[in-house]
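Pasting a structure below so you can have a look.
In order of appearance the chains are A, B, C and D, and numbering begins at 1 in each one.
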Amino acid sequence: MVNTNINMVPTTFDITAIREQFPILKTTIHGKPIVYLDNAASTQKPLRVMEATTKYYSEQYANIHRGVHTLSQIGTELYENTRLHAQQFLHARSEKEIIFTKGTTHGINLIAYSYAYQYLKSGDEIILSEMEHHSNIVPWQILQARHGFDIKVIPLQDNGTIEIEDFASLLTEKTKLVSISYISNALGTVNPIREIIQLAHENGTHVLVDAAQAVHHIPIDVQALDVDFLVCSGHKMYGPTGTGILYGKESLLEALPPFEGGGDMIKQVSFKKTTFNDLPFKFEAGTPNIAGIVALDEAFKFLDAVGFEQLVQHDQEILSYATEKLLSIDGMRIIGTAPEKVGVVSFLLGNLHPYDVGVILDNLGIAIRTGHHCTQPIMDRFGIPGTCRASFGIYTTKEEIDSLYNGLLRAKKMLS
Amino acid sequence: MVNTNINMVPTTFDITAIREQFPILKTTIHGKPIVYLDNAASTQKPLRVMEATTKYYSEQYANIHRGVHTLSQIGTELYENTRLHAQQFLHARSEKEIIFTKGTTHGINLIAYSYAYQYLKSGDEIILSEMEHHSNIVPWQILQARHGFDIKVIPLQDNGTIEIEDFASLLTEKTKLVSISYISNALGTVNPIREIIQLAHENGTHVLVDAAQAVHHIPIDVQALDVDFLVCSGHKMYGPTGTGILYGKESLLEALPPFEGGGDMIKQVSFKKTTFNDLPFKFEAGTPNIAGIVALDEAFKFLDAVGFEQLVQHDQEILSYATEKLLSIDGMRIIGTAPEKVGVVSFLLGNLHPYDVGVILDNLGIAIRTGHHCTQPIMDRFGIPGTCRASFGIYTTKEEIDSLYNGLLRAKKMLS
Amino acid sequence: METIDKIQQDIIEDFSMYEDWADKYEYIIEMGKTLAPLEEKYKTEDYRIHGCQSQVWLHADFDGKNIHFHADSDAFITKGLIALLVKVLSGHAPKAIIDIDLYFLSEIGLKEHLSPTRANGLASMVKQMKTYALAYQTKQVS
Amino acid sequence: METIDKIQQDIIEDFSMYEDWADKYEYIIEMGKTLAPLEEKYKTEDYRIHGCQSQVWLHADFDGKNIHFHADSDAFITKGLIALLVKVLSGHAPKAIIDIDLYFLSEIGLKEHLSPTRANGLASMVKQMKTYALAYQTKQVS
């Protein structure tokens, strides 16, 4: 499905050792061992992430950039170190192309505001898909109201995929930008990003990829993809909340105006004339989430240590197992049956309301997400109010899938 | 100087017990016990803040709003609990008036973008002061370029204060907004915010107060102040990085358009029509810094436990002691000698470059900030390239001031 | 008509027989099935209670003395919850509804479900019913 | 002219006599005082090295064979640092400057100061000097 980084293959995959690193997996919910299947909403954190936060605050904390004193210099180094790691992780050309954000939503808003102001006017078009997360819809709608461009939408097929031909037919000379998710959080679909980027570029159109659900599932090489902008969230890749990465091609970021103004993003300030700092600082206004970014490095280290070979293989194994197991339940309907999927299964159980199913499972210690998953247009497309969604992480076991299966049988019995 | 909350006065102020709560104060810098005097840049964190983060990630973590499963509900409750605490801390009328942000800079940008789009056009005026932090200058400049309003500046006096008459004379019928710091981070000056707000309101002008340097120094009652918007950062009030609070009057926040778009800030999304969520969620797009906000509650608890009576008294005591001690050094020039100040001392030592002084002090284990402190217009006003700035926290001792004093004598000797 | 207090006591007694969470939920779900059907015209946005992940519609009649609640939901558990509230509050005077302390919710283990941050919407339901009571009380007085 | 290597060795030897950080800094500060004065016309934005909290100006002459550096700073320590670099690199051929491994910086305990994230700007200074060397080398070749 995806090419993996062969340098990082550990010899064996020891899921017990992995689970050991996540303290929360030892807890209980309603007195039952926790079965955490809400990883598409957010992943749990390995101990090293928490330890890094505590160590940083206990021994090394100070505000960063431009400080002469030791703590400030150490902090700056740790912070910039995460940037180098992020650069390496995404295979960016330069660390100037790595902007730290609060998360995917913040990254999309940053690009949306700067890009729309600079490039989008009445008559221009941008393309989204019907499977986008609200975070990749609403910013464009807010800016559409101000700048007057049009939004075109790639329609969703019954199996939860998009057709490359549909996309191609939306591309016109007016199309300035495509903003699309790499992987759907509600359906698990892996989109044909490579082809989309290629077609867009042939058309002179820029591409922003929402990789919130991709970075911890498949290896990403922004240079090989030739993507213009890419965003993701730390909290969905085993890292801390309040952190995110925006990748942008240096030349494009250079050309965009800053988004937020404030400390650290300036070179010179006066009431007459203010000049902005170089990349990446131009887009990082104010004191950043220093402790979060310092700890994010541990998430990268964790992912490096597991390696994408394992991440992909484990994810696919659990996905197959879960799909098969769930489909064996009478009345099971899986929403999103793309041939290329990651470990996300959205489903409806007969006529049962997802909320009811979610509550019963919760009482059994099983955490799934129910509702529209911030993708109401998908729900409208399928004419459903929401789904139950089980989504998997590197620590998910087949036994947990069995628990889900048994839980669903129980829910079915209780609710009919 | 300020009226304090008499309900919270502990009987005695035990600085040893307070210092015990901050693990970093036991560390060394260059082999010498740390003397941390860079609190205006950021304060250190009490152990309870770190413990809350670890506990949350180890036992309670999940993504929040709208989740049916237990962890998500617990997280939501903890997160909303901090909001209630913030409401109480700032004496806001309703928790709908409390928006969580990434920090002061983010809060100012939020208001600047939303307010400028809604209310500011060519011919309108806003007022800033010459002592503003870049974070309260640059956002307005960025938006000025788009919306064409004018920026008026309250000039700085030689002692680092502003004259209320100067402010009054800038108010015209065109003045829509005043955005001003409560306390200057570079000078320590406490501005006459009450009078400014009153005059502004008499003129039909809104007021945004940058309280980044105020929230942990003086008790704030947004209702008594009648302030329209107020922003601050968690990391400067003994809380985690990547957190901040924006207070806004409910009616004003209702009237403003959302800033960032995304998950959680919507009611209903479709490509035809999207409606926004109620306050405060309308302004909180995307997964927030959940762990940060959960831990921020511990910062409030810490401040509650110390109490403002103590905070103010200790700060003033250290400020007087430090001012007197430093002024006894030959060639000492203090920049910012306002009658109402908090524990911030900016100074120049003879002709010595602040950088040189900072490096020597660092080698003695003493952390001060040197440079322009993100307030270049102040430096331009005084015709200096920067200052040395010692700034104090609740854990600062007179012995530490003595160390600073001795360090400065040493630096003076080495550098001449 | 029984007093609100008596009804609360009865429910607490019913629940006290169940040790298991599943039995309690089954009771709640059964409760929902006893709800009189809600006329389709009330299943609209105007009658919807927000703050629940499932849809809940609530309508209230006033006979000049007492309020009669009618409700429905598209989820079984939510329907059971609103049914519990209807059972306790329906048929009583506005003032009684406004003043009521719904202590039975804590007693049967639903206390934490009352938090406004919960996705079940129980807090919104209670609020909406009290709002109706307030509105009808005003009507009564004027 | 001594070799770059020899100059680095000499500095390392000088530093080896000092145990105390203060002595080392005093040596660096003294070093700054030995710098030949920089002509005022070079103390402009064009010659300024960014990335230092203090101001540093650097100018480079080329005599067709070797590069001669001239520098100044408004801070003593920064001036000492650039003076150290001038002492090591000035008077050498572009190629030698481009190829140099400035190992003396680690040896005298300034290794961490070389990080581009440090406020002292040492990394920027080295980069700027190598950029001059590259420029003059191109000139030489063409």
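The criterion applied here is as follows: contacts are C-beta pairs under 8 Å (C-beta built on N, C-alpha and C of every residue); 3 or more make two chains touch, one makes a residue touch a chain.
Quantities reported herein were computed from a predicted structural model and do not represent experimental measurements.
Student: Farthest from chain A in C-alpha centre terms, which chain would that be?
Tutor: Between chain A and the rest, the longest centre separation is with D.
Student: Higher C-beta contact count, A-D or A-C?
Tutor: The greater number of contacts lies at A-C.
Student: Counting only Cα atoms for the centres, state how far chain A is from chain D in Å.
Tutor: About 45 Å, centre to centre.
Student: Provide the C-alpha centroid distance between chain A and chain C, rounded to the nearest whole angstrom.
Tutor: A distance of 40 Å separates the two centres.
Student: Would you kindly tell me how far, in whole Å, the mean C-alpha position of chain B lies from that of chain A?
Tutor: About 31 Å, centre to centre.
Student: How many Å are there between the centre of chain C and the centre of chain D, using C-alpha atoms for each centre?
Tutor: Going by mean C-alpha positions, chain C sits 79 Å from chain D.
Student: Which parts of chain D, given as residue numbers and ranges, touch two or more other chains?
Tutor: Within chain D, the residues that touch at least two other chains are 53, 119-120.
Student: Counting only residues that touch at least two other chains, what does the list for chain A look like?
Tutor: 30, 66-68, 355, 358-359, 370-371
Student: Quick check on the complex: what are the chain C residues that touch chain A?
Tutor: 21-22, 25-26, 29, 52-55, 74-78, 119-120
Student: Could you list, by residue number, the parts of chain A that touch chain B in their complex?
Tutor: Residues of chain A touching chain B: 23-24, 27, 29-30, 34, 36, 38, 41-42, 44-45, 47, 49-50, 53-54, 57-63, 66-72, 102-106, 108-109, 112-113, 117, 128, 130, 133-135, 137-142, 146, 151, 153, 233, 235, 240-243, 257-266, 268-271, 274, 285-292, 355, 358-359, 361-362, 366-371, 374, 376-377, 380.
Student: List the residues on chain A that touch chain C in their complex, please.
Tutor: It is residues 30, 352-356, 358-360, 363, 370-371, 385-386, 410, 414-415 of chain A that touch chain C.
Student: In their complex, what parts of chain A are in touch with chain D?
Tutor: 66-68, 73, 76-77, 80
Student: Which residues of chain C touch chain B in the complex?
Tutor: Listed in rising order, the residues of chain C that touch chain B are 53, 112, 115-120.
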